[in-house]
Structure formats: structure tokens, C-alpha cells
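The chains carry the letters A, B, C and D, assigned in the order they are written, with residues numbered from 1 in each.
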């Protein structure tokens, strides 16, 4: 079993899937000779040529829209949006078209499209290269949204996304690209979309997170363990669908819930997770449902200390955990 | 005091504001001679001419983007999106530009822009003329979102929106346009954005809603009153910012909360309302926080009985209220 | 620009490779489209169908397109006014009427969409939506797929002139131009976008001029003349099939009726203007062509119209008697079925 | 298309109405922009500033633009490579350096934005964002406002050639064309959009051709020649001020350095190609013009360069010594302040 970085897991899985299935191809800005601005498609054009590794014009709505067309024809496009921040011009194609073609044709036409996009901050990206975009999409039935936190999950879930019959947004935290390494089996394993994972069993409080923040939660849990506080940590992995069972089980186990995400709080993913718990497990709670998230500002500023102000950290998470444990 | 329909309140307020302030103008598709497809701008071109009542080309991103530009110059544009369903091409201009110009220029440049859009179903509009769009925008700091339910609120809040220094989305439920009439004072009153209204005092359960659904809630509350159940009914009016005090006061009063909206439930406005309550008033609750909302399908279908299946009704609301009251 | 023909009309269709039989068939679809459309308005005014969006004035452009393509392999992405196009492409009058009545068995969407949102995978008609111009990048993607697979099919996509102002039009045509993909972009210029006339909508004088931006030919054609459209679309499709890339075709028409059954056009255009346009009504133009070309006698014409009246009656009756789709079908086909029904 | 001049160079600037002093000023800004830009790369390589996005190769186009406009009333919407433009428009080297170091007092955004996102209401420089082409409709809106108020200001907006493929470019230019608004759309065609060359990006041969789609003139100009650009932009601005509507100007340049400090351009273009382009480096072109035209002696040139070196040093020092903005300022200016801080 190889140890890989998060981004290598992306690239190797793309490569494997393109070898396995001639219908799979990638398209996006600078994905060809440049191998992507993050190098997630490096080496693909050399192996598969310009026909299956398409440098598109600079036009996101066309990237998604042309991707949809090719998916309607039965291909398996993997469209890259260079930064998640630049996905908005494609909003209409994603929400009104990709998410709705199966429904509006009563099952006749389908869109097996993957939209990959690097998201997230802590990379000196400023207002337009740091955003989290999941909450703007998770309200749209017809879409699936996957946000892996480890190389293992990247490989298993990207494979699942490419083989899925419906449009999947595959959001990669760009700070994780080279920060995180992990074991990735060489075989062709597929992880189910819609399943969270308990990353750590615990008894005192339940922490629910995903992406980069999940790693902060795990670090904080280590610290708290030394203080005698035992945290149950769940990695959502899929934002849509959410894994109701794993969440409710976690709630029942500890009676205290902290939801953690980098994205701002108001209307973020934590809102739905919390509301679901408040609807289905209210009497299992021993404390208010807490959310720790980004501040209510339009996006993450550039200056290092402003960025730090915005970003979560293991320390901020540990503080919130202590507070909740002490409740 | 005149009795007016909801849409007349829109039109008359636009007319008043254009008379009052030469910086105010309207732009959008068919707003000129046609007076808007719903007639919300009828008569304006006759009074104010083509320079202040601008029929734009069919291009929503330009409608909002040009509106932003004119607001940057110090004008007070009111941009109409013909149906809220067609707002997505303008998503980038709304989220990345309008909502963020003040922040990104550290207060130097500002965008006093109003975006009006008819939304909502029950009008035989099918998948693309029935949608609620608020939840796709309420997660974006920098925006305000207003969703009035009565002619009185339309006039007071549209005035507030036009006079606001920041971008405001003004969402009008199109089923209410001619369904609802009400008294509208002739004077120049302004209602504050961000204030909910208690429409009915009650002791047994608290119902929180907005738009067309609010009227269903009031009807249902009448029915339940006859059954001896007393409902406290809150009209949010503003979705962003939300009125924390009025909501928490309502929660404390009855200990039972039902949130009702036409938009689908997952990640809808009810999610944040519920999460806020679960965070700040958990121990005031005597029952799980209930949400009654549209089903998890991409949008409202056209065939009358499919549309009925999607839409809320006083009966559906009354059932949910009875269930919660009996908890 | 399409060449102007000066030869005697009676030879025109043979000159461009159409048999008498084909011309009769084209004429049949033009009449059928118009008759069905007119019936829908009657049903609307009688309170039987809630909404009509009409193709009156655009029938020749649509039939010319259908015949200019290869109906056995090409893929079409029609817009909401293209009823005559989809009839010529294989949908039946009853299917269209099921859309108007929003009844069970409606093939395009299961009565989920408003009338005019055509679709059928079997017939290679891609399901359309209401936001305009979104179909153009889809067509480009279908063309890309055809090229990647070495198939020789062409993607034909239509839209109104106002809709060419959308960003999606620009982005898609540029993509097609850069990659020289087999697409025919067909603009049905009916001079209005709801109430807004072409002059307030489009800054250049002809939509066809926009082709230059995308390195492709732009062809302007008389949309009231089914033969001229046929020739232009066939030429564009041949070009595409030969690997020479996309073409933008603009068919000049006129929207003879209001935008939809919810519109009243009197506030924004004069009756005189509409009457003037009626002189070039494509139905009349086609009728006089078939008569003068001698491919259909007066009696045959009458019989054809009678047959169409019956077909329209039957379609109306069949659709009116069909049940509504059952309410719980509203929950179906959000995702591939059989999968885990998790919390969304 | 811009006229080609065959007269002796030494007369050119006077022929087009520029004084010797103005030409010296233009040259100064070209040198200043280049020097500041080069310093930023050094600081980046030394680990002192996290990011550089460069205008090297586009200085003449930018200075020509600034001088072709009316710096006392026109409004500009520059894009991220336009440092030389904003210097010529009134920002100081220190202000630009504050952006690179992301320090307190940075005037465009309070160090919230990455470097290159210019803005200053006082100077009529509209705050820019990173998603490309969004500024084009803003420019059209500013022009609309100017017209509505009877002001004679012109809005100048720039973007890269790749960015002309965005829907916003199309929608905005059409709007400007229909309403004949006073806008100059200035495309700095540096031949690459990150790694993608013009030929894979744009289906037509010149961006200027796109103007035809919008009923406006398209002007192609040598972007390495400050005088040619000056003339083209001044002409477009005069046209706009005279109420004749918008113009699209394309300045042909070459991006002499990688896309940004995060890029390595060796994988997608040859060193030979870059070397070839350096022969037309706008700094060299301007230097030989001022020399040959006799507006600046060798000694004066050396003195000027020395002065610029000092200015760049001072700017660097001032910015490096400025503090970071205080963290709690991150919460400011989301909405107008003083209003109710309700739950968002």
C-alpha cells in the first residue's frame, strides 16, 4: 500500500479511471500541458492526449455546460473549476441544468458529471481564492457533494463520483493537497457517497466536521484526551446526502454536539446538521448544539493576521470543545 | 389609507421613490412599455421616460452587473429579475461583486442596489417559474434579503431597501401579487430591515414563517383557535438579517416551534432558524423543533396535482401544528 | 449569406435536392404545426389548458431545419417554440397535446414541465429548460462527445435572437469554434424578446454577424421560406459532418402572436406591424409554393388540411382523456433509483 | 485598425498632440512600473512577499491608456496586471508596495485583497475582484450613470484576452452597444491565459473582431508602442465623450514573465518564444523612442532610472515597516456601519 499526498490521490485516481473507462475524460482551464494550477492533472495529457485532457477556454459556464452535454451523450466528464471561488458563473448550469435534467425528463436523460473544485483557505488566497462553496449548493436536490479529508477518502470517493449516474461536486480542500499524506490501497476500492466516518470513538462530546477542519478537530481531541475529555469525532465526508444514522448515533452516545466548519456559520452546513438533530434527537441532548465556524464576513482576507483571524485552528476547536464538555 | 394589492404596493412605491429621488431608476427585461410581465412597473415609463425605466437586453448578469456599476456611481438602481428562477446567471455578480464591494474596498466603494425578483409557486409555473431562491443567498454576508408578505410590508420595506446603503434582494411572492390586499398608508413610512413581526400572539406553540406560507399559517392558526390551540405566529419579513430577539422571545413563550416555508427543507432558511434556537434556547424547548417545508425535489412540477403535492396549504400547516401541539 | 435564387420557383426544391414527396411532407408539418398551435390557443381561451407558448410564424424555419438534418442520427436541442420542429422530428400531436394538458404519459417530462419543454432520448431530442440559452453549451458537449467517439452526428440547437445576449451563447460558441465541433446553432429571429424589439436587444444589425467572433460562418436566411432554411441548415450540417466545424444560422421570422397566452402584445407593437408581417406568413408562403410548383393540387391540399384537422381532434381528445400523473410520482427520478435514499 | 505611421519617429508624438514633457512622463511611468514589478519578484524570491502578479510587457499599453484618458474626470476599472496604469493614474509606489506586503494603510482594500486588486474612490479607480470580466458590466453601469447625469466622463475597463470568453464580457458589451454608452473596453492581449495560448482560447483571429457583435468599432493596436496606444485610446474616449458610444480596443502585447509567482511557464512555452518577444519589450521600445526623438538624453535617462530606483527603495522600505492591519478590522465594513448589527 502506497503512502500518498491528498493531491496525488486525486491525480492517480483520475489516471486509473481514465485507463479503466474510455468514457472518462478531464476538461478545465490549464489542465493540459500545465497539468492544472495545482498539478492535479499532471501527466494526464502525456498519456491520454489532447482529446481526453481538454484545455478549455476561460469560461466556467461553458466548462460545466459542455461537460453536461458530453455526459448526456453518455461520456463521463470530470470538469475542473480552477478555484471553487470561480464556480459562480456556472451556477445556472449546475443548479438549473445538471441537478435537474434527470428530474425534468422524468428519468429519460441523465448527467453523470463530476465537477472538481479546490476550495478553502489558509493558503494566502485572499477573498477570492479561499472560499468554501458547499452551502450554496447543498440546498439543491439532484446534486451530490463530496468533501474528503484524507488521501484514502479522496481515492475511494472520487472513484465513486466518476462512476455515479448523477452529478457530483467533488470539493478538495486546497490546503490539504500537500499537507496530508496517508495510505492508499492500490486496488480499485470505492467508498459509498453519503456515508460519514467515525474517526475517533469517544464518550463526552461529539464533534462533527469535514475537510481541513476535521484534522483540527482530531488534533484538538488528542489534546483533550490528555485532559481527560473523550471526544467522538465524525468526518461527514459527504455533505449531500448527509449520513443521518452516523450523526444521530454520535448524538445519542454523548449528548453533546459541536459542529465545526471553516465556512461561515449563518446558513452553513452546520445549520442543517443542527436542525436535523434538533428535530430528531432533541431529548438526547444535554447541552445546546454548538457550532464553531468562520465569521460572518464575505470571505477570508489576505493579510496573514486577518487570515488567521478567519481560519479555525486546533486551539480554537479545543477551546470550543472544552467549553462544551464543561457545560 | 388606501387598500391595495401586493403588486400595486410594489408599483406605487417604485413610483413614489422615483418621484422623491432622481437617483432612483428601474431596469430589467420588459419593464418599459410592457410594464413588466407581472405589471409591477406599469406606468413608470410614461412618467419617467426611457432613461429611468430601462428595458435591458436579455442578460441577467448584465442587469445586475450594470446595476452595480450605476450604484457605484451613486445612483439607486432597482434591477428586476423577471422570475427569481432566472437569477442564477447573475450569481457571480451578486455574490462575488455586489455583496463584497464594500468589504473588499474596506468601505471605500458601496453598492446601494435593489434586486427585485418574483419568486414562489402555486401559479402553474412548473420547474422554472416557481422557485424559492432565498436559501441560496442567505449564506452570503454583505447581502440583505427581504421577503414581505403583505402590501403594507411591501411598501415599507421596499422603501427601506431603496434607501439602504447596501445591496438588498427584494423577493416578492408572485402568488401574493393579486391574492392579497391590505391597507397601505399614504405617507412615507419605512420599515426597518431585519425586524420580524408577531402577527398573532399565542401560548401553545410558535409558528415561524414568511411569504405566502405565512398566510397559510395564519389561516391554520384561526382553525386551531377554534380547537382550543393558541398559536404564536411570527412573520420573519427579513431573511437576512434574521430577527434573533423576536424569534427567541417566541420560543420562550411557548416552548414549541414549527418553522414553515415553501422552499425545500434541507438547507433551507428553517435550518438556520432551528440551529440558532438549538444553540441559544435549547432548554426553553418542550418539543423537537419542527420544520414543515417543500419536498426534496429539484423544483415544483407543472401538472396541477403534482404542484399541489409540492405546495403547502392551510390544511398541511394545521396538521403539523396539531401534531406539535399534541406533543 | 444564403444565395438568393432567381430561377422559376417551380424548380427550386429539385435544384436543392428535395423530391416532390419531401416537399409535400414539409408542407404537411408546417400545416400540422400551425393547426395544433391554433388549437392550443382555443383550448387556452376555453379554460382547458393553462398556458400556450407559440411557434406561429416560425414553422418554415423549423421544418426546414428538420429536413436539413439527418433525422436518423443527428441530435437536436430545440427551444420552447419548436413544436413544429419536434413534430417533424418524430413526436406526435398527441404527445404535444399531453404537454398542454399536463397529463400522464407526456413523454418529455412526465408533465413536470410547462408545455414546450421538449425531450426524448429515443428520438435524440435533449430535454430543455426554461432559462434561455443553457442548451447551447449542451449542444457543444454533445458534439464534442460525437467527435471523441468518431461518430458523424451533428448537434442542432435553437434559440431566440434575444437569447443570443446571454453569456452562455458566447461561451458555448467560442468553445465550439476553438475546437471546431459539429454544431449547428440555429437562431429563430422573430424580432421580439417578449416586448423588446431586436433594435433594443442586439447591438449589431444581424445575429449572424456574431459568428465572426467565433471563427465560424454566419448564415442569414429567410425564415419564412422552408426551402431556403433547408438549404442553409443542410449546408451547415454537411460542413459539420465534414469536420469543418460549427455554423451559426439566423432565420429571419416574425412572431405572429403574443409571446405567450399570458401576454398582450398591443402595448408594445402596432396592429399594422403585425398585419404587415402576416403577408409573409410562412404557412401562406409554403402553400403558394406547393401550388405553384405543382406538387399539390387544390383538392389534395383540402384533403391534407382535413386529415390534419382530424389528427388535431384526435390528439386533443386523447390528451384530454388522459389522467393526471399520480401525485406521488413527484418524488421519483431525483437521483438514479435503487440507490441509497439517504438524507439529502 | 490603427493606422501605421511611416513618418520619421522623431515627430510622432507631436503629430498626435503630445508634448515632449508628456512623453517623458509616459516614459517615466513605464520605467517605474517595470522597476517596481521587478522589485516585487525579488522580494517574493527572498520570501518577503507571498505573491506577485506581473504586468511586465504591458506597461506601454497601460501608460498609453492613462494618457489617452482624462485623468481628472474619467473612471477606470483596471485589472490585476495594471499596476503601471494605476501608477500613471495617481497611486503611489508605496501604496502598491503596501499591497504586496499586505500592510495597514493599503488603500485599495485594507490588505484584504491579494496584490493587484486596485481601487480608490478618490482617484476614480473602481475596486476590482479576482473572478475575471466581472468589471466589464460595472464599467457599463458607470457609463450609464454618467450619461443619465449628463456628465462627460468615460469609463475605461481592461481585461485579458482570455477573459473576453466570459459571458460577462459579451453581456456587457452588448448592453453598452445597444445603449451607446461612453465606455472604452481595453483588452491587453498578452497571448496567454495562464498556460493556454490565444489559439486555444479564442476562436477568431483578433479580439478586436468581437466588436462587430456589439455594433461598435474594434481597434487593434501595437501594445508595445505607447504612442499608438495613446492615440487609439484617446480616439475611443473622444468618440465616447461625443456620444458616439463604446469602442473595443485590443492592445497586442506579450506576457514576458510567468503568469504569477506561483507559475512556472517552462512546461507550456519555449524559451525561444519568450526571447523573441523580448525583442519588442515595451520598455526598450519606449527607451529608444525617447532617445531617438531627442526628448531625453543618455544622462537624463540614467538620472531618471536612478530616481526610480530610489523611489522603489523608499516604497519598499515604507511598506515593509508598516504594521499588519489589526485582526479585528476583519469584521469591519461588511455593511454600512452604524446600522443595526442584527443576526446575519
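Quick note on the criterion: a residue touches a chain if its C-beta (ideal position, glycine included) is under 8 Å from a C-beta of that chain, and two chains touch if they have at least 3 such contacts.
This structure is a prediction, so every number in the text was calculated from the model and none was measured.
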(request) Determine, using the mean of C-alpha atoms as each chain's centre, which chain is farthest from chain D. (result) C
(request) Could you compare the number of C-beta pairs in contact for B-D with that for B-C and name the larger? (result) B-D
(request) Indicate the whole-number Å distance between the mean C-alpha point of chain B and the mean C-alpha point of chain D. (result) 41
(request) With chain centres taken as the means of their Cα atoms, state the distance from chain C to chain D in Å. (result) 45
(request) Provide the C-alpha centroid distance between chain A and chain B, rounded to the nearest whole angstrom. (result) 31
(request) State, to the nearest whole Å, the distance from the C-alpha centre of chain B to the C-alpha centre of chain C. (result) 37
(request) Mark out which residues of chain C touch at least two other chains, giving numbers and ranges. (result) 109-110, 112-113, 117, 129, 131, 165-168, 170-171, 174, 178, 200-202, 334, 343-344
(request) Mark out which residues of chain B touch at least two other chains, giving numbers and ranges. (result) 57, 59, 61-62, 85, 88-89, 92, 96, 100, 103-104, 127-128, 141-142, 240, 266, 296-298
(message) Quick check: in the complex, which residue numbers of chain D touch chain B?
(response) 75, 107-110, 112-113, 117, 119-121, 126-127, 129, 131, 134, 136-146, 148, 155, 167-168, 170-172, 174-175, 178-179, 332-337, 339-340, 342-344
(request) Mind listing the chain B positions that touch chain D in their complex? (result) 25, 51-52, 54, 56-57, 59, 61-62, 64-75, 77, 89, 92-93, 96-97, 100-110, 141-142, 144, 164-166, 192, 194, 240-244, 276
(request) Using the touch definition up top, name the residues of chain B that touch chain A in the complex. (result) 61, 85, 88-89, 91-92, 95-96, 99-100, 103-104, 127-128, 135-136, 138-142, 240, 264, 266-272, 274-275, 277-280, 282-283, 285, 287-291, 296-299
(request) Over in the complex, which chain A residues touch chain D? Could you list them? (result) 29-30, 32-35, 37, 55, 57-59, 61-62, 85-86, 88-89, 124-129, 266, 295-298, 301-306, 308-310
(message) For a test of understanding, state which residues of chain C touch chain D in their complex under the given definition.
(response) 165-171, 173-174, 176-178, 200-205, 209-210, 212-216
